[in-house]
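Look at the two complexes coming up: subunit A is in both, with subunit B in one and subunit C in the other.
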Partner chain A sequence: MKDKRKILTIISLILFVILLFIMNRTFDSYEIRILNLCGIYVVLGLSLNLINGFTGLFSLGHAGFMAIGAYTSAIFTMSPELKQMNYYLKPIIPIFKNIQLPFLPSLLIAGLMAGLIGFLIAAPVLRLKDDYLAIATLGFSEIIRVVFTNTQSLTNGALGLKGLPKYTNVWWSWGMAIGTVIFMVLLIKGSYGRALMAIREDEIAAEAMGIDLFRHKIISFTIGSFLAGVGGALLAHLLGTIDPLMFRFLLTFNILLIVVLGGIGSITGTVISAVVVTVLMEFLRVLDGTMDLGFIRISGIPGMRMVVFSALLMFVILFYQRGIMGTKEFTWDWILNRKKKYTQIKG
Partner chain B sequence: MGMSNFLQQLANGISLGSLYALLAIGYTMVYGILRLINFAHGDIFMVGTYIAFYSMTSFLLPWWLSFLIAMILTCIFGIIVEKAAYKPLRNSPRISVMISAIGASFLIENLAIVLFGGRPKAFPIPDMFNKVVKIGNVSIVSVNFYIPIITGILLLILLYVVNNTKTGMAMRAVSKDYEAARLMGIDVNKIVSFTFGIGSVLAAMGGIMWGLKFPNLVPLMGLMPGLKCFIAAVVGGIGDIRGAVLGGFILGLGEIMIVAFLPSLTGYRDAFAFILLIVILLLKPAGLMGKNLTEKV
Partner chain C sequence: MSLLRTNNLTKKFGGLTAVSKFAMDIKEMEIVGLIGPNGAGKTTVFNMLTGVYKPTKGSIFFDGRDITGIKSHEVTKLGIARTFQNIRLFKELSVLDNVLVANHLRLKSNILFSVLRTPNYIRQEKHMYEKSMELLKEVGLDDVKDEMASSLPYGKQRRLEIARALATDPKILLLDEPAAGMNPQESFELMEFIHDIRDKFDLTIFMIEHHMQVVMGVCEKIYVLDHGVTIAEGTPKEIQNDEKVIEAYLGVD
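On to the complex of A and B.
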């Protein structure tokens, strides 16, 4: 029975990769961009869900870690000529001037850097709880943004970095997404995941059971920051342009939205809602432009998209708090059992 | 850096501190009663400023009437926000309420962008607030005198209401123990609405004076002051009105003084509040005026 499920998983993975291959061939560049965004948001959503959903630490600092990842990888992937072009007001710090690495090592360094900063921040901040933790992490991400705006010779300040090599393609974004999903499933099913969920349910009880609260919280926070950094780096090399204003609270909020819609504490839910939210955001763009319904022309109102979007979010929070999946996960048993039931009825 | 410059910066710092204090009171009162960070408070502040702006420019009302109308409408707006976004979640986990608060803030901001337009608008300043007063060789814009005075008057009224009226007593009871207050026959929902109303009036007044001092209105103008004022409330000790005022002044004076005396750090001005927050949370988590409570199992 167990093997059957494993085989099913592998088969569906292969099918999914084939599907990606077909989509990569047939989609136009705009659609591929959305597909990439979906993959990146899966990574980002899962990383926030690990911290917020599975460990129950309400962190609002994701945009900061993404900024670290994005800038780190950008500094390593830009060619020396591009650096000279970008940093025209103040030259870049000499050590980074001639460095250029391929995408994979840059991505790893970006993740490690974000993870390291996350680790350093976690030690003092994780002593706080609930709202205080939320505000402190939000504070840290704002500090990171302010620092990046002011360190002209490292990040080019408010001008941002332009013309980054667009390395992110369907394989990178969805490769990372699939990797993250597999990692999360293994983590959550293992002893660490169970410890994290115990902390979420009841800290005092978890501590009484012998779980080292602080250590587990730090591990969760650091892994979450690492993945956020990788996601940020992928995003930077998809868009090709980054500046500190991109990494405002709004970005954290978008990711939080994905986690809430999917169900706080569900991997399946996050994956579904990352795709749904990203596609919906693009679909709602119609509202901003003029609509031609044949007999009537509705001139779009710029900004209407975001109003509808935030109203939708409020609706979900107020009336459908559990999100798409609640804390449930997809398992093959759903399909297998349904089939069994069906044959029973038939027989 | 002479004495006159210092006095000028001091006046600036005090008026900025007063504005922060007015906003911080709204946060601290709501937190005291509902244990909720009202993320939409900064946006209520923005709405108040825009109402005053439109009643002065589109309806051509005199400034004092516009300010009064702005305060009344913002009060109603604040109560509506509470009824729509927070009341349905009274018994939900705190994370849901907080997400709802962030969502409400996001919705108000986006609505404001659609309704008011994203382009900055210039707040019209009545002459009496725009005179330059010279004392010796220190010249100070008159609005810097009015802001602390108005703030002081509002504070005295607020403290009177909280400490000497029945409603104020009920407010204090709800913030001490929500359940027990309900059992004692206090209409908690009414008190919560009342608190949001007061907080919104103060936010509106803060917003109007903010407009008089920094006459540049944008729909996202409430975002940064909102976050900073929540920090001011935490620094002072959340739930305590005097603490919020203290926190507001520390933040306002600190920001102005950093820019004035360490010009190389000007770009880091916005980070000051967050650094202060983290230092306070680590050294004295209950805030400067707060009492430390141990967690009961």
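On to the complex of A and C.
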């Protein structure tokens, strides 16, 4: 039985890669960009779900860690000429002037940097709980943004960085997404994952069972920040332009929306909702423009689609409090058992 | 040999002395009870023993080692496991996962090896699974291992909590009112169960209990607290005839 599931997983993975290949060939550049965004939001959603959903730490600092990842990898991938062009008001710090690395090492450094900052922030912040933790992490995320606005010789301040090499393609974004999904499944199904979920369920009992709360919370927070950094770097090299204003609270909100809609504490839920939300976000752009309903003309209101998302969020919270999937996961057993039940009824 | 000993143990919450100069000595394989009227400070004693509260004064010795003021999870690692007065299971985890979690403290792989599923980790995971299934069988919950913990009826939740505590490989088990909410038949079964696990796992048991039949039936030694002060200690028979105890429970004119 177990082998059967493994084979099913591998087959569907291969099918998915073939599908990606076909989409990569047939889609136009706009559609491919959405496809890339989907993959990146899968990474980001899962990283926030690890912290918020599985460990039960209400963190709102994701945009900050993404900013760290985005800027780190931007600094490491830009060519010296590009740096000179970007930093025209104030030259970049000399050590970084001539450094240029390929994408993969830059991506890793971006993740490690975000993870390191996450680790350093975690020590003081994780002594807080619930809403206090949320406020503190939100504060730190804003601090990171403000620091980036003011360190002109490192980040080029409010001018942002332009013309970044657009390394992120379907294989990078979805490769990272699939890698993150596999990592999360292995983590959550293992002993450490159970310990994290125990902390979410009941801290006092978890500690009484010998789980070092502080250590495990830090582990979770650091891994989450690492993945956020990687996601941020992927995003930077998809858009080609970054500036501090990009990493405002709204970005964290978008990821939180994905996590809550998909189910707090569900890997498959996050994957599904990351794709659905990203596609809808583009699809609903129509609402932002001018609408002609025949008898009445509504002039465009920018941000109208966010209203739809807020309404959707409220609807989900009201009727499916735990998101689409709750803490449940989509498993092969689920399908196989259904089929069995169906054939039983039929037979 | 003395396993768990306290000396002059005192806990003050502001001006209130919850426990005052509590001294006890529990020997290996003993079943010891802690009784007293509501608010006598029994759970506070438990919380100090397990590192949840730091004692204001006094010291705790476990297995010949001073464990006063060390952290709760370290206390568990040394071999003191507990259950809670108001059941604290991991509600949204399965019955099996609840017990598996309690094995985590003995895991010898770091998180990287766990994610990479190294052979060593897989061996440990398999061992955890077998041990947990055995414990669930012991408490008669192996047939509901995939149910969510919160879906179990009350009595089974109590037993699951004991199984979970046993999974941490304790030397001593602290039970906080294990018979609370049980009918006479269930309490009787619980008494047998406590004897069984003591013999099977070479355990020492220290329990808080209000149910007098259970306490008198199962404990070999009893401490009585009233307003944080130890008013009596001795065998069940001595306690039953102690005037101070009767006074504390029934009051005086």
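Here is the rule we go by: the second predicted complex is superposed on the first by the 335 of 347 C-alpha atoms of A that agree within 3 Å, B and C clash if a C-alpha of one lies under 4 Å from a C-alpha of the other, contacts with A are read in each partner's own complex, and residues count from 1 in each chain.
Just so we're on the same page, a contact is a pair of C-beta atoms (placed from the backbone, for glycine too) under 8 Å apart; a residue touches a chain by one contact, two chains touch by 3 or more.
The structure presented is a predicted model; accordingly, all values stated were derived computationally and were not measured.
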item	value
Fit or clash - subunit C, subunit B, common subunit A	fit
Partner chain in contact with A:Tyr192 - subunit B first, subunit C second, else both or neither	second
First (subunit B), second (subunit C), both or neither touched by A:Ile204	both
First, second, both or neither for A:Ile143, with subunit B first and subunit C second	first
Touched partner set for A:Ile95, first subunit B, second subunit C, both or neither	neither
After the two structures are overlaid on chain A, angle v-u-w for subunit B, subunit A, subunit C in degrees (C-alpha centres, nearest 10)	80
Minimal inter-chain CA distance - subunit C and subunit B, angstrom	9
Common interface positions of subunit A, toward subunit B and toward subunit C	204
Contact footprint of subunit A on subunit C as seen in their complex	50, 52, 72-73, 76-77, 81-82, 84, 88-93, 97, 100-105, 107, 109, 111, 114-117, 121, 124-125, 128, 164-165, 168
Subunit A-facing residues of subunit B, complex	35-37, 85, 88-89, 92, 94-96, 98-100, 102-104, 106-107, 110-111, 113-114, 118, 223, 227, 230-231, 234, 267-268, 270-271, 273-275, 277-278, 281-282, 285, 297
Residue ranges of subunit A touching subunit C (in the complex, touch as defined)	183, 186-187, 190-192, 194-195, 197-198, 201-202, 204-213, 219, 327
Contact set on subunit A toward subunit B in their complex	52, 58, 124-125, 127-128, 130-132, 134-136, 138-140, 142-143, 146-147, 149-150, 204, 249-250, 253, 256, 260, 264, 301-304, 306-307, 309-311, 313-314, 317-318, 321
